[in-house]
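Each structure below is given as structure tokens.
Okay, so subunit A shows up in both of these, paired with subunit B first and subunit C after.
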Partner chain A sequence: MLEVLFFLAAIGALGGAVGVVFLKNPFYSVLSLVVHLIFLAVLFLLLEAQFLAAAQIVVYAGAVMVIYVFVAAYVGGIEEPLFDPIPRLRVLGPVLAAAIFIEISIAVLGSSLVALGTEGASDLEAGFGTPASIGLLLLEDFLIAFEVASLLLLVTAVAAIVLAGRKPGEEGVES
Partner chain B sequence: MTIEWFVILAALLFAVGLAGLTVRRNPVVMLLCLELMLGAGALALLAFSRMTGDQDGQILVLIVLVVAACEVVVGLGLVVAMFRRRIPLDVDEIKELKG
Partner chain C sequence: MITPLLADTTFVEASWVMIVKSLIIFIVILSIVPVVLLAERKLLGRFQQRYGPNRVGPFGALQPLADVGKLLSKQGFRPKGAVPFLYEIAPALSILSAVLVLAILPFGDVQGGVGLYGIDVPIGILYFFAFGALAFYGLLLGGWASGSKYSFLGAMRSAAQLISYELAMGLSLLGVVLMAGSLSLVDIVKAQGEIWYILPQFVGFLIFLTAGFAETNRVPFDLPEADAELVAGYSTEYGGMRFGSYFFAEYMEILVISGITATMYLGGWMGPGPSWLDPIWMLAKMGVVTFFFIWIRATLPRFRYDQLMSFGWKILIPLATLNILVTAILVVVI
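== the complex of A and B ==
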């Protein structure tokens, strides 16, 4: 049963990813990424990460994708010459990607991590991956990382306004 | 459904994202491909977290999520700035570091 769910989610995530790369219209690419992220959240659930699956849906498929859709709509339909300006890149890019995939696969399968062949640790502590235990870890062991993340978000908010905002009296800028 | 499957799937998703990043020229789509690669990394981290039964990996994924959100905001801010200055939305057009 879980295997079936894994393969369904894997096919969905992969299909969404391929859609992002091959759809011509950026708007459809964004929607394809939403599909990908939802299936990715299912895979997170299969790995006992309930909180992260929920965060993935709410933060990503919800908030971040809204920004993407907004920007894609703002800049409008772009006449992109879908793959072409550097003709050889069309061949070299996929070759590079295939090489990376094969390399990672060999590195993983050839590693001496015996636990890779199992379904993971069997003695999971109670509440593994639930909001309660993640929150405890975040506010106790990883408090500094948590604070740095919040500072990073603040800096980003300022950066976005500086980058995209209109400066008063600026010339040559479309209103 | 062993851990290997998840890691191989993560490698595959990462490769798809990399192919898109090298092949597409539209900055919005390139950012989407970056999201794919970050998501693949998060999946691998979660798989290893499940493998060792240690929740620290999940915290790392949470931080990756935050960093990815920041990257999106800055990247899309650049796209909007390019659009405002009438630069064609093609990464090859940003050749000079002047405003």
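== the complex of A and C ==
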């Protein structure tokens, strides 16, 4: 049962991710990203990370992607060329891609492959992955990191408003 | 046999019990939907000094059946400019996201070894928000895939409205969560043994209900389907049972919001009398909130679009934030 669910979710997540890159219409790309995120939430559920799964759907599929879909529906509909090389990135692109590939390979070979043959952690403490345990971690053990991260998000939000909101009297803004 | 569960639950049952429970909850709520539909038309009639449907069956009671029969027998039609797959799947998404929330509505405590709810998960109310968020895709895909300007504008409006009011809705429920100390709906009902949260959380209750109207696209927030400007918004190009699905999803969502309101603010299944009356109390409270939905529809005019936006962002969200601050301080002090 769990194995079937895992493979369904994994195939769905991979398919969604591939679709994002290979679909030509931006609107479909965004939709396939939504599919990917939903299957990712199922994978989180399989890992007993229930709060993370719910947060994933609420925040990403429910809020972030809504804005993506909103924008893509307005300006999308144009078939973008699949590969449109920007001159300067012709060299830098492959180098960065290779770097990321090596990095991920090291991570996979180092940890994930070792765990493949095992049964996984069977002695999870009670309440693992619940909102209560995550809340304790975020607001007791890692309070400073949590607050720094929220401060960073606040700065980004303020910056976005400053960049987007032009003062009255500037060019192209009425009163 | 105990099923392996993907999430911690406070109460585990045999899998056949879960299946039977789900079926009962689904069938009961499913058969309430046509009743709500008829009640709405009857009540609207009374509010407007007329009779409402009274031709089909005694007192017009068979009107919903006749409507469904008519919708089912219509041709499944797809406009020329529509996107095939998305156009067909969108109404189903709408229904799915509404029906799935029924799983967490509690109709009673554990009685005779069976919990009178679909499932009691620790993430509780977050589950409701997760599927509430997915409901948006049903509307947007339907509007976008129809290939019509009216549908598209309706879909865009619903997107903007949903983002704006989802925030206020989440923030307003946080007050309840703070007081109950749990996200689980069953625990929240149990925490209301002394006093229903509608009294200490009255501001939150008002904000939640207002945002609930906006989430279900009901008057006065029915701009996504404003018939005077957009024909019928996102459902303009739909006919037959696909239109029926959107219609059904809207009423299902009203029931779901009523259920969440009853659970979070009106003491859920609590009421006088023996414990077997609990589900009846819950349904009665849902009925009261649903009646309020219909009453408001007969009473208020539609908002203007800029009013809708400024009301959501400049009044509801600051008010909800203030509500949380005050609640948090009071919870810590007392």
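As a convention for this text, the second predicted complex is superposed on the first by the 122 of 175 C-alpha atoms of A that agree within 3 Å, B and C clash if a C-alpha of one lies under 4 Å from a C-alpha of the other, contacts with A are read in each partner's own complex, and residues count from 1 in each chain.
Everything below uses one rule, namely that a residue touches a chain if its C-beta (ideal position, glycine included) is under 8 Å from a C-beta of that chain, and two chains touch if they have at least 3 such contacts.
All of these numbers come straight from a predicted model, not from anything done at the bench.
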{"item": "First (subunit B), second (subunit C), both or neither touched by A:67", "value": "both"}
{"item": "First, second, both or neither for A:55, with subunit B first and subunit C second", "value": "both"}
{"item": "First (subunit B), second (subunit C), both or neither touched by A:26", "value": "first"}
{"item": "Residue contacts on subunit A - larger count, subunit B or subunit C", "value": "B"}
{"item": "Touching partner for A:45 - first (subunit B), second (subunit C), both, neither", "value": "second"}
{"item": "Which superposed partner A:132 touches (first subunit B, second subunit C, both, neither)", "value": "second"}
{"item": "First, second, both or neither for A:14, with subunit B first and subunit C second", "value": "first"}
{"item": "Contacts of A:34 with subunit B and subunit C, given as first, second, both or neither", "value": "second"}
{"item": "First (subunit B), second (subunit C), both or neither touched by A:89", "value": "first"}
{"item": "Subunit B versus subunit C as contact partner of A:143, first or second or both or neither", "value": "neither"}
{"item": "Where subunit A meets both subunit C and subunit B, residue numbers", "value": "2, 46, 48, 51, 55, 63, 67, 74, 128-129"}
{"item": "In the complex with subunit C, residue positions of subunit A that touch it", "value": "1-2, 5, 27, 31, 34, 38, 41, 45-46, 48, 50-51, 53-55, 57-58, 61-63, 66-67, 69-70, 73-74, 126-132"}
{"item": "List of subunit B residues in touch with subunit A within their complex", "value": "1-9, 11-26, 28-29, 31-33, 35-36, 39, 42-43, 46-47, 49-53, 55-56, 58-59, 61-63, 65-70, 72-74, 76-81, 83-86, 89-90, 92"}
{"item": "Touching residues on subunit C, where the partner in the complex is subunit A", "value": "4, 6-8, 121-123, 126-127, 129-130, 132-134, 136-137, 140-141, 144, 152, 155-156, 159-160, 162-163, 166, 183"}
{"item": "Contact set on subunit A toward subunit B in their complex", "value": "2-3, 6, 10, 13-14, 17-18, 20-21, 26, 29-30, 33, 36-37, 40, 43-44, 46-49, 51-52, 55-56, 59-60, 63-64, 67-68, 71-72, 74-75, 78, 80-83, 85, 89-90, 92-94, 96-98, 100-101, 104-105, 108-109, 113, 115-121, 123-125, 128-129, 133-134, 137-138, 141-142, 145, 149, 152-153, 155-157, 159-160, 162-164, 166, 172-174"}
